[in-house]
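Look at the two complexes coming up: chain A is in both, with chain B in one and chain C in the other.
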Partner chain A sequence: MICNAKGFVISFDSILSLFVIFAFLTASFTILSSADLSGSDSAFLQAFSLDTAAVLHNSGMLERAVQSEDSSEIDAFLNMLPFSYCARADIMEEGSSFPLIVSSRLRCSDVPANAFLSRSVFSSNVSGNVSFYTLELRSWISG
Partner chain B sequence: MDFRMNALKSRRGFLLTVSVLLIVIFALFFSQQFLQKSEGLSKAGSQVKGLERTAYSAELLSLEAAKIIGTRASITSGSESGTAEVTVSDSFPCGKNIQKLSEFRQIAEGDFAGLTNSEISADFSRLLDGKSELIFSNGLYFECSYAPSGQHAEIYSVNDASVPERIEITMDSNGSMNDVNAWQWDPSGDLEVSIDYTDSTIAVRASGRIDSSEQSVYSFNYSGGSIRIIAGEIGGRKGSVKIEKDNGLELDSSLSIKAILPSEGLFESHFDSEITVKQLGFEKTSRLRPLGS
Partner chain C sequence: MRTKGQIFSADAIIGLLVFMLALSIVFYYFSQISQREIAFNEGFELKDSAFSALSMVVETGGVPENWALIDGTGVKSFGIAQRRGVIDHSKLSSLCNFMDIDYNGARKILGLQKFDAMISASDLNGDSIVSCGGVSAGKRSSFKTSRLSLINGRPCLVSLEVSR
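Now for the complex of A and B:
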C-alpha cells in the first residue's frame, strides 16, 4: 500500500544540487556577459573605412572631384558600398578647415559623434600646377 | 518488487543529477574559455588596428609622393620563358613636378602629422639632388636627370645577368621636326631596338639590331636643337639607352621605354627614398614605389 511513486519529495541534497546548478549558471552568464565583443565591430569599421579611402586615392576619384568641383563620382562610389556602412567625405584645400567638397551616401548625412575618422593628404596636378588637399573620411555603421 | 523499482528510480535520479552537473560545469568552463579568448582577441585587435592605421598613413603618403614624381613602371613576365618585360613611362623632360616633393614633405611632417597625432619623417633628399632613380631589385635602373644643364632619361643595368635584350622606345612630342639622323643598324648585333617617335608633323618608326657594346645615336632635329636617343654602351654599361635633349630646345614629350630582359624570378622596383610614420606606438617605413604604368 506504500505506493507513492508519483509523490514529490524535497530533500536536502536536491535543494543543494539546485543551488549548485543555479550558482554555476549564474557564473557562466556573468562571465559571458562581461566579454567585450565591440572590438570586432570597430576593427571592421576601421578596416572598411581605410579601404574606402585607399580606393578613393588609387582610383583618381579625389583628383577628378577637385578638378571638376563635382562630387557625383564619389557619391556614386559611396552609394555602392554595403547598405549598413555610412560614410561622408570632406575635401579641403591644404591649410583650410572649410570643406571644398562634401560627399556622402544617401541617408547618411548626420554624422554621429563616435564616427571613425581617417585623414589623408593628396595632390592634384592641373597642367603642371600641383595643389594639395586633405581628405577627411568619417565612417559609421547605420541602424 | 517495490524495492527493485525504488532502486532503479534512485539510479535514474543519480544519473540525471550528474549529467546536469556535467552540463553546467561544461557551460562554466566554456564561458571562462570564451572570456579569455575574447580578451585575447580584443587585445590583438587593438594592436592590429594601430598597426593598420600606421601602415595606411605610410602607404598613402608614399602613393601621393609617387604621383608627384610622375614616373610609372610595370613588371610582367615576358612572352618567352626566363624573360621579363619592364615598362617605364614618364614625361620628357622628366621630373617636372619633383620640386613639389619639398612642399609635400612640409605638409606631411607638419599639418598632417599634427592632425593625425603622429610623427612623420619623409626623406626625399636623394630625389631632390637633380636626378631621381628608380631602382629595380634585379640591378636595372631608370634614371631621370632634371637638372637644367643636362636633362636626360636613361635605363641601364648594373648586373650583367639582367642587361636588356630588346628595348622599345615610344615618344610622342609636341614639336615639329626638321629632319632625322638615323643610326646604322647591325643585323649581327645583340641588342634589338625599336623606335616609335611621333610629333605634330612626322612619325618615325624603325627597328632592328645594334651592337650593345658600341654607341649608336639617333637624332631628331628641331629648329632649337635636337633630341637624341643613344643606345649601346654608355658609361661602361652595355645595353643601355639614354634620351637627351639640347638645353635650348623647349619641347614636351611623353616617353615610354619597354625593356625585355633575362629574368629568373620575381623582382620589384622602388625609388631611393622612404617615408616613416610613428603612430599609436607603431612605426612603419614605406619605400616610395612607382605607380603602375
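Now for the complex of A and C:
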C-alpha cells in the first residue's frame, strides 16, 4: 500500500527527551534561584554572639549585674547593638538552673528554637565571697 | 516511484520553527542560570572575603605579634586584638596608617587584593573612632560586615566594607 498522506511524526522518544531536558533545566534554575548565603549569615551570627559574650565579660557588666542584681546596664547595652541582631542573656548561679538575672533586647523576648546558644562561666566577688555564675547568651537574627 | 529531490514542505518549516523555539528556550535558560551563578559566586566571594579578613583582624594579634613596630615587608597578617573582645587601639591606628601609606600592600596582606577595602570603627552611638581605606568609585557590588569589641573600655563596632 502506498500512503501519500502528509503529517508530523512525533515520536515518543523525542517527547521524552524534550521533557527530560526541560525538567533538568527547570530543576537547575529552581535550585540556583533558591540558593542563598545563609551559611555566611550563620557564621556572622555565631561570631557576633561570641563577641557580645566577650564584651559582657571584659567590660565587667556581668560582675556589676550580679553584685547589684540589676540587669539595666546589660539591657541598655543589648538595646544599642545594631542590625536585626537579637540576644537574651540569662545569668544563673553555679548549680542552679533558675536564672538570677534575665536581660534581653526590646522586641526580642521570644527566643526561637534555632537561636545560637553560647555558655560561659565567670566569677564575681559578692559580699566578700567569690561565687561562680553561668552566662547563657542566646542570639538570633530577627525578622 | 523513485524520485529524488529536496523536500521543503510546510512540515519541514514548522519542524524547523519548533526546533528553533526549543533551542531559543534552552539558550534563554542557560543564560539565566549562568547569570545567577555568576551573581551568586560574586556575592559569596565578597561576603566570605570580608568576613574572613575582619575575623583575622579582630580575633588575632597579627603575625608577627609586634607587626605594628616593624617594617611593612615583614608583616604576615594584621591583627589588632589584645584578646577576644578587646581591641588594641594603637594597633588599630597602626593598621590605618599602614593602609594610608601602602593601600595595595595592606589589601594583599588582608587577602583582599581583588577588592577595595575600607576599615572603620565607631562606638555604639555611631560616633566614628577611625576610618581608613577606600571604596570603589562606581562600585558594582559591596558588602559590609561588623564585629563587636571593646576599644579603650567602650563597646565599639569594627567594620570592614569591601567593594568592586
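The rule we apply is simple: the second predicted complex is superposed on the first by the 105 of 143 C-alpha atoms of A that agree within 3 Å, B and C clash if a C-alpha of one lies under 4 Å from a C-alpha of the other, contacts with A are read in each partner's own complex, and residues count from 1 in each chain.
One rule holds for everything that comes next: a contact is a pair of C-beta atoms (placed from the backbone, for glycine too) under 8 Å apart; a residue touches a chain by one contact, two chains touch by 3 or more.
Everything numeric in this text was worked out from a predicted model, so none of it was measured.
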Touching partner for A:G95 - first (chain B), second (chain C), both, neither: first
Which of chain B and chain C A:G143 touches, first, second, both or neither: neither
First (chain B), second (chain C), both or neither touched by A:F132: first
Which of chain B and chain C A:S17 touches, first, second, both or neither: first
Contacts of A:P82 with chain B and chain C, given as first, second, both or neither: second
Contacts of A:S123 with chain B and chain C, given as first, second, both or neither: first
Touching partner for A:S28 - first (chain B), second (chain C), both, neither: both
Contacts of A:F48 with chain B and chain C, given as first, second, both or neither: second
Partner touching more residues of chain A, whether chain B or chain C: B
On chain A, the residue positions that both chain B and chain C contact, one per complex: 21, 25, 28-29, 32, 35, 37, 40, 43, 47, 50, 53-54, 57-58
Contact set on chain A toward chain B in their complex: 2, 5, 17, 20-21, 24-25, 27-29, 31-32, 34-37, 39-40, 42-43, 46-47, 50, 53-54, 57-58, 94-95, 118-123, 125, 128, 130, 132, 134
Of all residues in chain A, those that touch chain C in their complex: 6-8, 18, 21-22, 25, 28-29, 32-33, 35, 37, 40, 43-44, 47-48, 50-55, 57-59, 77, 80-83
Of all residues in chain C, those that touch chain A in their complex: 9, 11, 14-15, 22, 25-26, 29-30, 32-33, 36-37, 40, 43-44, 47-48, 51, 55, 58, 83-86, 124-125, 145-150, 153, 155, 157
Chain A contact footprint on chain B (complex, rising order): 2, 5, 9, 17, 20-21, 24-25, 27-28, 30-32, 34-35, 38-39, 41-42, 45-46, 48-49, 52-53, 56-57, 59-61, 63-64, 67-68, 96-97, 100, 103-104, 107-108, 111-112, 115-116
